[in-house]
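One chain, subunit A, links the two complexes that follow: it is found with subunit B in the first and with subunit C in the second.
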Partner chain A sequence: MKILCFAHLSEQIGSPSLELELGPMTVASFVEEFKSRYPNARLDQVMIAVNEQFVEEDHLIGANDTVALLPPVSGG
Partner chain B sequence: MSQDRYSRQQNFAPIGVSGQQKLKDSHVLIVGAGALGSGTAETLARAGVGAITIIDRDYVEWSNLQRQSLYAEQDAFEQLPKAVAAASRLKQINSEMTINAHVMDCNAADLVSLLERHSIDLILDGTDHFAIRYLINDAAYRFRIPWIYGACSGSYGAVCSFIPGQTTCLHCLLKKMPAVSASCDLEGIIAPAVQMVAAMQSAEALKWLSGNRTQMNVNYTVFDLWSNMHQSIGLNRRARQEACPTCGGQPSYPYLNSESAVKAETLCGRTSVWLRYPRQEALNLEAVADHARELQAEVKSNPYLVQIQEGDFRLVLFQDGRALVHGTSDPLEAKKFYQRYVS
Partner chain C sequence: MSSNLFVITDQPIKPEEVSDKVKRREAGAITLFLGTVRELTYGKRTLYLEYEAYPSMAVKQLEMIGQEVRERWPDTLVAVTHRIGRLEISDIAVVIAVSSPHRKAAYEANEYVIERIKQIVPIWKKEYGEDGSEWIGDQLNQKTYPEGRPLLEDIPKDDLNHEEE
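Entry: the complex of A and B
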């Protein structure tokens, strides 16, 4: 599974993108797994897209999917 | 004026002579004359949009000049209101257009009054916090006017078009108003991130206004110029909920109703301001505190409130959205301080 970490997440994780041996798993269980691997990552309210589609918590992420973690952004 | 002025744009086939005429007949509302508002206003003024109404509550500061392209040193030196400085620069760029500039902290009543008085074709987001974007979202869907969200922070930016009757709304994308989000004040910002967002917003504006509406980009577009990543994300149509208070079957437009207006009250004889922000749900105090700590502020918290100290200012934040800002008696300054830590 490929993970893209946007904005502050790339600093918190140490890299803008990761390859993890994960899946298939739901978005909700992915978030739990990710939090336990990267306790510094602030995932509250982060929007999650799988293969460039926003998905619900029960969506099943495949092992070869790309997951984008997108913090909300407000500056302007 | 020279007939040649818009020739290069008219030669672009999708616009042509008829699209150019449509641009001339258009009226765009730009909320916020900071970095994004500067960028989109300049592009649309050069493109020959007939009328622009621009709103901003702030004045030009030296720290703006690095990226807010309508302003120059003299504006910062004179501390001119951004709306005033923007209008004067836009007039220099295109003297044929109408520019209405409003120096104001745009609340629900202001926004409704503007949309009732003018026939606005499109709203562009040049704001810097989420509370006002939920307000714009409600106003846009109530008046059935499309609006183009744009935001940036660091090297990161995002754009999304919200079109009443066609796309889901901001509420559907972000069901809860984010308590914290990436902004420019504390996280910093590089000008190319601004220009990228403003360019994408302006392109959407040109499409909509010139009659190329089927070309609108309805994806959530997001990029990071530093880590070289880009995503164009589809919004799940099913995500549109019939129960959405803004774009659902029986909308209540919660952020437009006066009960949810931001209230500010200066405490008599003290340099403190009470603020009450509209929130549809309890504020995540823990997330705000974590975020403030990351930004090197001095933070104290308990389950009921969070205190954030920065220099002479101290923000005390309660879960129901109330906040007390110590260190100022100016409601506007208090709001700006609040919005550095809570979006």
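Entry: the complex of A and C
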């Protein structure tokens, strides 16, 4: 599973992208797993996109998917 | 073709290049919105900004907004270019061009696009001020949209309806 982190998250994790041996798993269990591995990462209000699409908590992430952790956006 | 209507770039934006993309013989109006870097926000001075994007997904989300606009204002054509990287005060961060046979739809659709960009396009702004820097967007009053698509009711009516012109 490829993980992409943006904005404050990439600074808290120390890298904009990671490879983790994870999945298949739901978004909800991914978030729990990620929190336990990276307790410093502030995940409140973070949205999850899988393969560039926003997904719900029950979406199943595949082992080869790209998961993006997206803090609330502030473009424009 | 639709892919170059929606662009994320690290280069300065030339507004006319964006409005040229929506020029058509059937258009009687083109509205052009320039979002620029503001120096003072509620009295706090910004020195410069840095924008970061998830570029491939940002383009997809902009295309989705273009689709929403076509559904609401069928005869409009939209082009958006958003800049990323370091921007100085007064630099242009985003340009939105909308063409339409009549001006009302071009004005309304243009405002709709900027509101939606601020909701669903993965772009983040980091403000560098006199007291250091901070990522914008994690303010407590910010709403989240788990589905990535806030309901239209979430967009203030004033931003959509201009019946009293």
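Here, the second predicted complex is superposed on the first by the 73 of 76 C-alpha atoms of A that agree within 3 Å, B and C clash if a C-alpha of one lies under 4 Å from a C-alpha of the other, contacts with A are read in each partner's own complex, and residues count from 1 in each chain.
Just so we're on the same page, contacts are C-beta pairs under 8 Å (C-beta built on N, C-alpha and C of every residue); 3 or more make two chains touch, one makes a residue touch a chain.
Keep in mind it's a predicted model, so treat the numbers as computed, not measured.
Undergrad: Figure out whether A:17 sits in contact with subunit B (first) or subunit C (second), or with both, or with neither.
TA: First partner only, subunit B.
Undergrad: Would you check which partner chain A:71 touches, where first means subunit B only, second means subunit C only, and both and neither mean what they say?
TA: both
Undergrad: Tell me which partner A:6 touches in the superposition: subunit B (first), subunit C (second), both or neither.
TA: A:6: touches subunit B and subunit C.
Undergrad: Where does A:58 make contact in the superposed view: on subunit B (first), on subunit C (second), on both, or on neither?
TA: It touches nothing on subunit B or subunit C.
Undergrad: Show which residues of subunit A both subunit B and subunit C reach, each in its own complex.
TA: 4, 6-8, 42, 45, 47, 49, 52-54, 56, 68, 70-76
Undergrad: Which residues of subunit C touch subunit A once you look at their complex with the stated criterion?
TA: Against subunit A, the touching part of subunit C is residues 35, 51-54, 56-58, 60, 82, 93-94, 114, 117-126, 135-139, 142, 144-149.
Undergrad: For a test of understanding, state which residues of subunit A touch subunit C in their complex under the given definition.
TA: Against subunit C, the touching part of subunit A is residues 4, 6-8, 42, 45, 47, 49, 52-54, 56-57, 68, 70-76.
Undergrad: Tell me, which parts of subunit A touch subunit B in their complex?
TA: For subunit A paired with subunit B, touching residues are 4, 6-8, 10, 16-17, 42, 44-45, 47, 49, 52-56, 68, 70-76.
Undergrad: Which residues, counting only subunit B, touch subunit A once they are in their complex?
TA: 32, 34-37, 125-130, 133, 150-154, 156-158, 173-174, 176, 178-185, 187, 189, 194, 197, 219-220, 222, 224, 227, 229, 231-236, 239, 284, 287, 290-291, 294, 343
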